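Chains here go by letter, A, B, C, D, E and F, matching the order in which they are written, and residues are numbered from 1 within each.
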Amino acid sequence: MRPNQRADNQPRPIKITRRYTKHAEGSVLVEFGDTKVICTASVEESVPRFLKGQGQGWVTAEYGMLPRSTHSRMAREAAKGKQGGRTMEIQRLIARSLRAMVDLKALGERSITLDCDVIQADGGTRTASITGACVALIDAINALRAAGTLKTDPIKGLVAAVSVGIVDGTAVCDLEYSEDSAAETDMNVVMMDDGRMIEVQGTAEGEPFSHEELMKLLDLAKQGCHLIFEAQRQALA
Amino acid sequence: MRPNQRADNQPRPIKITRRYTKHAEGSVLVEFGDTKVICTASVEESVPRFLKGQGQGWVTAEYGMLPRSTHSRMAREAAKGKQGGRTMEIQRLIARSLRAMVDLKALGERSITLDCDVIQADGGTRTASITGACVALIDAINALRAAGTLKTDPIKGLVAAVSVGIVDGTAVCDLEYSEDSAAETDMNVVMMDDGRMIEVQGTAEGEPFSHEELMKLLDLAKQGCHLIFEAQRQALA
Amino acid sequence: MRPNQRADNQPRPIKITRRYTKHAEGSVLVEFGDTKVICTASVEESVPRFLKGQGQGWVTAEYGMLPRSTHSRMAREAAKGKQGGRTMEIQRLIARSLRAMVDLKALGERSITLDCDVIQADGGTRTASITGACVALIDAINALRAAGTLKTDPIKGLVAAVSVGIVDGTAVCDLEYSEDSAAETDMNVVMMDDGRMIEVQGTAEGEPFSHEELMKLLDLAKQGCHLIFEAQRQALA
Amino acid sequence: MRPNQRADNQPRPIKITRRYTKHAEGSVLVEFGDTKVICTASVEESVPRFLKGQGQGWVTAEYGMLPRSTHSRMAREAAKGKQGGRTMEIQRLIARSLRAMVDLKALGERSITLDCDVIQADGGTRTASITGACVALIDAINALRAAGTLKTDPIKGLVAAVSVGIVDGTAVCDLEYSEDSAAETDMNVVMMDDGRMIEVQGTAEGEPFSHEELMKLLDLAKQGCHLIFEAQRQALA
Amino acid sequence: MRPNQRADNQPRPIKITRRYTKHAEGSVLVEFGDTKVICTASVEESVPRFLKGQGQGWVTAEYGMLPRSTHSRMAREAAKGKQGGRTMEIQRLIARSLRAMVDLKALGERSITLDCDVIQADGGTRTASITGACVALIDAINALRAAGTLKTDPIKGLVAAVSVGIVDGTAVCDLEYSEDSAAETDMNVVMMDDGRMIEVQGTAEGEPFSHEELMKLLDLAKQGCHLIFEAQRQALA
Amino acid sequence: MRPNQRADNQPRPIKITRRYTKHAEGSVLVEFGDTKVICTASVEESVPRFLKGQGQGWVTAEYGMLPRSTHSRMAREAAKGKQGGRTMEIQRLIARSLRAMVDLKALGERSITLDCDVIQADGGTRTASITGACVALIDAINALRAAGTLKTDPIKGLVAAVSVGIVDGTAVCDLEYSEDSAAETDMNVVMMDDGRMIEVQGTAEGEPFSHEELMKLLDLAKQGCHLIFEAQRQALA
């Protein structure tokens, strides 16, 4: 049996709190069970140098963990003087995923930075981050629209992400830490709410995985994402 | 009149939430009005190299701000590759202040790291950090005592901190951001609950300050700290 | 029609030159068309600190590009003072992939570092790197076995990687640079020679991709990897 | 009895040598007993980006210690690749203190950098730095006035600094190293020559300090600063 | 007898392969025996800031070694986060040497960067780098001339470099690694093809060297360089 | 005519002040005309890791310039976060030169670090550094001998250095800044007091130099060094 008596295809309770902090144009606390991430969207009226004068906007992301968001304290990246490979990998994934939901031309020459800071980690921080950042991004866009800065809506749809994996030979959805650390295969799937995929990242941690296992994981991911879209829609309602 | 109709000697509402996150030995959300800081205390069964074999423990601190804890987004220090001077100065202050409340011999050869991460900033982040870290530290110590690891109590007393300053010629207590950015003089005072002081840091931002002004500020700080000790005691009750 | 009249499921010519440089225990020049990577395997009789005394070995990887391996010169990472996110992501992928083909217990307390340095880039540098590193790793292991250092063979099988993607609506195998930069979806697949997968990393660069497209890409990847295994076997013969 | 038979309120002999090196617009060797600091003031006809176009100037400071200015050799910060927290804290203090004596509007759009490099350390390097930098700054300003670049005098007054502290229960002025390392409380006071204060930084190193002790220290600091102003005036005569 | 039966004044076989990689304006693989270096010349239509608007061009160089170009693996400088002193010293030498063969005014406001990356090291990597970079630079200049970008030829002559040294009391030319590591004196000489010198860098590794020894080494260097010029001319024919 | 009416073979006045600062085992202020460098020798009772257990000592060096030692202010290397190539090159040269005068076996398992910090620069800072460091090193060794720590004298002889160069077609000795910046060729020579050479580093800044010019420069360097040995001997007397 899974921890908390979850069914194999059942994500943890998803909770999305909007307007969590007061300064950001979009600010969300997203919870996937005990995993808690603050996602803020910050608008800046300029674009990075490589996009100057091209009549389009930019969406980027940064990711961090509070040193004691984890079981044992991790060294603070600011104190170590560099972001680790895992951090870089995750923030690149978040940024790519969120860019997929925005028409950058329609956004105009402005940038939105999504900061995802994990305050409590229990597995799935990157999928929670993408899920929460999606809502923060929409809030920031809506603020621009309400202010009359944006005439058209650059949002193409919702983006959600979930982890799936094979634990003790069974495919399960939304792994918490105790499962994640024992998983043979771990996969993160990022989807648009039309059912198409933005990212599929499957990794054999122990044994390689077969085509059949991959199919099973994709199916679970699809189910999980649809529940997450539901939670996003309710939060935005 | 001050913002929110506060009296000159009146701090903002202080709120201290214990057990805010689940992994740390001590974990506190401290709020001074709209300033919100997560303070965690992490115990490690070793000491820094310069203390090895001396039969005493260590208390240290690190400080950070989420990039969008502030009005406009600040660059992430981990991404810039170094902590700024202000960050270093604040975390050194927090560490010194907290060490003053611990008998390091009685702590034994172990270290406690206090991480103070600002999730929303509205002035007074360093004083809120010290105040919250005091409670997190006591929780961590109590956990060590409950586990039988510590036989005697190394805590000497409570530590609280408050900012005071001169705004438009008037001495006020616990400046929020709009006051802080207009203050002529800004002072942070860290006190023990026996009324003695651990740190006094007064800075003339605009005009130098006179001995009389300094006396007034010290008096306000004393009043403010006593209210903060009250909040700490209630939280710990 | 694809560049060089390739069929959609046809990788570029694969060339694997062993013993390319003289100092490394394994040294391979791998060519996927115009993409050329030097892969060396270096054996060290120790393991990283986190594995000390656990009776197992370690396999890791580092990746780099010569500044002018690309169309326009890239800044040298050593001069910039840090490795970029893309570099980190790729070297973590190479390392995970290669670890999957080694029984780390059977390797004993020693480390093998795979350095993959791109001397000419034309798309697919990470898949060429994994493919070449597999051969360099086997040469290094065989050297240890020939020297009597290793009594049993820790190699579990061959590992190969190929990129697949959707270009102008068509799924194709082993994208070269001109295809890669125009691809709507880009996927890297790492396989064991028993047909199971180690990594699947699909990214929508433009439009999200459907389940059907994903199936098509996985099929092409399988075909491509089998040709690459053939090239590896011939090189090792 | 204090080292060198000093009275409790007696600073060490202060020596200020102007035009110590030949390139800087202001160059001073300041000696507080065995503490020796070279302070140079360098004028640049531009301001930092955040001040561009605001019709005002800037005064900043950097601080360093020669590796063997201390009892045992310290690692060179340039070789370590970063300035430590203590260095940052001190150079921020020097900069704030010196800015207080300059009318930045009257300075015009130019910057003055004060470099304080300790060649021999025996306690009180930050207070000696501020004291010497004040004289170097005046020399640089006078050079600008002599050249006709500055029409009005932006100098508001002299700035001096002294350390005071409680050693073996006694409040003393201008601690040398042997006293400093044994002090229960250490306080640095920066004053304008009209008697008002720019900075007060008191720290309990061991025991917290009482209001009475603080009063005593402030009184000693005032006495010390007045002797230092005298030394500055003689040097400038 | 020297390794490989070389006479004292005999360099190793020199091999220069042009157009070694396809993207760079000039790309050379240079081999001095087992020492192999890829030298590329990259043209950029701008100059560093300190030369802006001065009507002249710039030639610079960067040097690196693949981690396993050496007997035992060296840490990757990009991963360590900085280039070592030896690397800096060598790339400064290469840049100065190559600048000496170019009329920077005639080059116009453009820069050429020479990247010298050692793929296999067996002594003399800096002299091989200079020798190969000379040919790559000429190819890049010729490409600019063929494209009509450059009307006049900025090349003043060929530059070659060779190491000489005293090994077991005997002066020898072009030391390979086994000789280099045993040399008492090591000298690198960079020459123009008119016989004049650009750099002479002699270092006593063990015993100091006499004037007579220096004369002998200079004579051997001259002989060696003339053979190298021959190899350059043949490669360029 | 040269500045200050110097003859072509005449170095600037050399002044060597011993015991310049009080903490270091050896501390020298060396002046070559207006070039002033503080050279300290610091003894540590350990050796770098690569020498552990080999029964020999080590001599190393670090070099720095105060930001305003030069005509216009240079950025502080500690603030920039790295030492530049020129700094690295110079400190490596100083270290090699000084190691040549010490029998490292006789020194025993201890290290001596020579810190050369330029407080005023007017050309020839590296040669002044070597010259002054030689005296500081001897003072440190003599302190070890006086303390009975060293039974035998590890000093093999004096080391001195001088710059020579070709300015306006004339070979001159000990270039000051105005000459240095106009020199066609610049050469630094490091000698032992038995007349043998430790380093010869000649660089064509403008035109390449001929064998005859090199001979002339070597002759001038020899004359210059002999005068410098005289100054060292007098200082040590």
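What we mean here is this: a residue touches a chain if its C-beta (ideal position, glycine included) is under 8 Å from a C-beta of that chain, and two chains touch if they have at least 3 such contacts.
Going by UniProt, the chains are A, B, C, D, E, F = Ribonuclease PH.
No experiment lies behind these values; they were computed from the predicted model shown.
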| item | value |
| --- | --- |
| Geometric centre distance via CA averages, subunit B-subunit A, whole Å | 33 |
| Chain centre separation in whole Å, for subunit D relative to subunit A (CA means) | 50 |
| Where subunit B and subunit D are represented by their mean Cα positions, the distance between them in whole Å | 28 |
| Junction residues of subunit D - those touching two or more other chains | 81-82 |
| Contact graph of the chains (line, ring, star, complete, other) | ring |
| Chains listed in ring sequence, where subunit E comes first and subunit F follows it | E, F, D, B, A, C |
| Subunit A residues within the subunit B interface of the complex | 21-24, 27, 34, 36, 38, 40, 42, 44, 62, 64, 66-73, 76-79, 81-83, 87, 113, 115, 117, 119-121 |
| In the complex, subunit E residues that touch subunit F | 82, 84-86, 88-89, 91-92, 96, 100, 187, 191-192, 194-204, 207-211, 214, 218 |
